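Handing you a structure now.
Should a chain be cited, it is by its letter among A, B and C, assigned in written order, with residues numbered from 1 in that chain.
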Amino acid sequence: MLLSVSDLSVSRGGRVLLEGVAFDVQAGQAILLSGKNGIGKTSLLRTLAGLQQANSGQIDVPQNAVVYSAHLDGIKQALSVVENLQFWGAVFGRSNLDAALETFELGDLRDELAGALSAGQKRRLGLARLLMSGRSIWLLDEPTVSLDLASVSRLSRVVSGHLAAGGAAIIATHATLDLNGQEITIDLGKFATTKSDLAASEKAFL
Amino acid sequence: MSALLVRDLKLAIRAGGGFGLALAFFLIVIVLVPLGVGPEMDILSKIASGVLWLGALLACLLSLDRIFALDHEDGTLDLLVTSPLPLEAVIMTKALAHWITTGLPLVVVAPLVAVLLGLPSNGYVWLAISLLLGSPALSLIGTFGAALTLGLKRGGLLLSVLVLPLYIPTMIFGSEVARRGIEGAGVQTPLLLLAGISFGTVAVLPFASSAVLRINLR
Amino acid sequence: MMSLWEYANPVKFLRLSSKVMPWAWGVGVSCLVIGLVWGFFFTPDDYRMGSTVKIIYLHVPSALMAINAWFMMLVASLIWLIRRHHVSALAAKAAAPVGIAMTLIALITGAIWGQPMWGTWWVWDPRLTSFLILFLFYLGYLALWAGIGNPDTAADLTSILCIVGSVFAVLSRYAVNFWSQGLHQGASLSLDKEENVADVFYQPLLFSIAGFVLLFFALVLLGTRSEIQLRRARALSLRGHTK
C-alpha cells in the first residue's frame, strides 16, 4: 500500500468541506476523484500534498513519495522548454530529460521559450515535469484542461505506464481517462458534509 | 540548490526580469538629492554617506516583492514547497539571488555615484565595505517581509511599511561605519555590529521566513 | 483545580471579562483623577523646571505603557503560537491600537514639555528617537493585521512579525544609543534627570501610573471582547451559509 487516508476532514476558508474521507491506494492503482465544482477536490489534493493542514484525520504516506501538479504548472515563460525541465530535474536529482521530452513529444520544441508555447503545449510541459520528479505518487489536479483528444490519450498512456511501473496516481478530473481498468473512481459527494460544520478554529467561538 | 540560484539569476537577467531597474532607481534618487538640497558641495559631501546608504536601502526595498511574487503567481512556489529541497534552503537561495542581482551591484555602483555627492576621498573604501557587509542583511530582512506579504493584493506598500522599520539598525550601523571612516574615528565597533546583524539574519531569519511562507501557502 | 488557561476559551473569557471590566474602568479612572488632580494642583513647582514639570503625570505613565503594551503583545503572540488560544491572539491585536496611542501621547507630551525646557519641539535624543521608532514598529504591526483577510493567518503572521520585530526594536534601541553619541556630542539633552524626582512628585505619579495601567487593561479587555464578538459573528454567518 502506497498511500492510506483515514477519517480525513478537509476544510477551506473556515468551513469543513469533506469529512470521513477514507481510501487506500495500492501500487499500480489510480484513484479518480469526481464530484461537482467546489466540493473540495483541490483542497483534498493540496492536503495530501502537504500544502494544507487537515482539519482532522490521518494520511499515511512514505516520505518524498508525492508530487503535485496543479492548474498552474510552475512554468517560467522566460526559460526554454529544456531549461524548465532541467531545473526540476536538478531539484529532484534526476536526469531523464530526453525520456520526459519524448514522452510528451516536446523534442521539437526543446529550445523554444516556454512563453511561446500554446496552452496545450504548456500543459504537456507541466506534465513532463512529473516524469522528472521520479516520485511514485502523482497528485494531478485537472490534468486534461486545455489538452486536445490526442494529448488526453497520451496522458492516459503515460499514467498507465507509470502505474505499470509500480507508481500510483490520484487524479481530480471530469474527463474520462482510460487506464486499462486500473482506476477506481471515488465520488467525493459521499464525503461532503451535510451538517453545517465549521473548522475547529471557528467552532471555538461558539 | 545551485540549480535554483542559476535559474533565479537567469530569470533576473532575461527580458522582463527587472535586473538593472534597482540600479537605475538608485541613480535617479542620488541625482534628485542635490536638486532638492542645493548644489553646495560642502553640504552634499557631509550628507553623502547617509544619502548613499538610504538610496541603496530604498533600491533594495523596491525589488523585494519580486522575490516570491513571480514564483507564487505561476505555481512554482507550491511545487518548491513539496519538493525535496528544505524550504529554509530555498529561502536562503532566493535571498542570495536577490543579493547578487541587487545588493552586490549597488556595492559596486555606490562608490561611483558617490562622486556626484562629493563623498570625501577617504570615504569610498568605508562606504563599499559597509554596503558589502550590510546589504546581505537587507536582502534577508526583505525576504522575510516578502514572505509576510505573499499573495496580498497591493502588498507592495504594506511590504515597505513592514520592512523599513526592520531596516533601521542595519542602516544606522552601516552609515555610521562610513561616517566614522570619513571622520577618521574608530570604525571597529559599528563594523562588528553590522557584520553581526548580517550573520544573525543569515542564521535566524530563513527559519522565520519559511514558517511565514508555510502559513501563507496553506 | 481550575487552570488559568480555562479563560482562554472565548466564551468563558466573555463572561469573566464582563464582570472584571467595570472594576477596571472604575478604579482606573479614580486613580487617574486622583493622580492628575493631586499632581497638577497640590504639588509645588520644581525649582528648576517650574510648573512644566507637571506634565510628567501624563508623560511618564504613557511612555511606560507604550513599552509595556508591546511587551504584552509579544507575550500574547508567543502564547498564540505555542498554545493556539484565540483569546491570546486577539488580545495582542487589541493591545496594538492602545499601545500606539500611548506612544503618540508620550511623544506629544514630550514635545510640549521640550518646547519650554529646551526651546525646541524636537531633538534627536536617543530616547525620543527610540519612541519614534517604536511608533513605526506599531504601524507595521497594525498594517499587517489590516492587510490580511483570513483571521487565523493574520494572527499567525502578526505573531511572527511581533517576535522578529521585538528583536529588531531592541537592536534599534542600541543602534540609536550608539548613533547619537560620539560624533554628536553636545546634543544630548538627556531625560535621565526625571528619574530622581522628589517624593512630593513621586506619590501622585504612582496614582497616575496605576490609573494608566488599569485603563490600558480595561481598553484591551474591551478591544478583545469586540474582536471575539466579531469572530463569533463570522462563525455564525459561516454556519448560516452552510445550512
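Convention: a residue touches a chain if its C-beta (ideal position, glycine included) is under 8 Å from a C-beta of that chain, and two chains touch if they have at least 3 such contacts.
It should be emphasised that the depicted structure is a prediction, and the values quoted were computed from it without experimental measurement.
Of all chains present, the one whose mean CA position sits nearest the global mean of protein CA atoms is B.
When you average the Cα atoms of each chain and compare centres, the chain farthest from chain A turns out to be C.
Two chain pairs, B-C and A-C, are weighed by contacting C-beta pairs, with B-C ahead. Centre to centre, using the average C-alpha position, chain A and chain B are separated by 37 Å. Chain B and chain C have centres, each the mean of its CA atoms, that are 32 Å apart.
Chain A and chain C, compared by their mean Cα positions, are separated by 49 Å.
Of all residues in chain B, none touches two or more other chains.
Shared interface positions of chain C, defined as residues touching 2 or more other chains, are absent.
Annotation for chain A: no residues touch two or more other chains.
By the touch criterion given at the top, residues 141, 144, 148-149, 152, 155, 158, 161-162, 164-166, 168-169, 172-173, 176, 179-180, 183, 185, 189-190, 193, 197, 205, 208, 211-212, 215-216 of chain B touch chain C in their complex. Residues of chain B that touch chain A in their complex: 2-4, 7, 10-11, 14-17, 71, 73-76, 78-85, 217-218.
Contact residues on chain A toward chain C in their complex (touch as defined above): 13-15, 193, 196-198, 201-206. Against chain B, in their complex, chain A makes its touches with residues 49-53, 64, 66-79, 83, 86-88, 90-93, 129, 133. Here chain C touches chain A in the complex through residues 9-11, 86, 150, 152, 228, 231-232, 234-236, 238-243, going by the rule given at the top.
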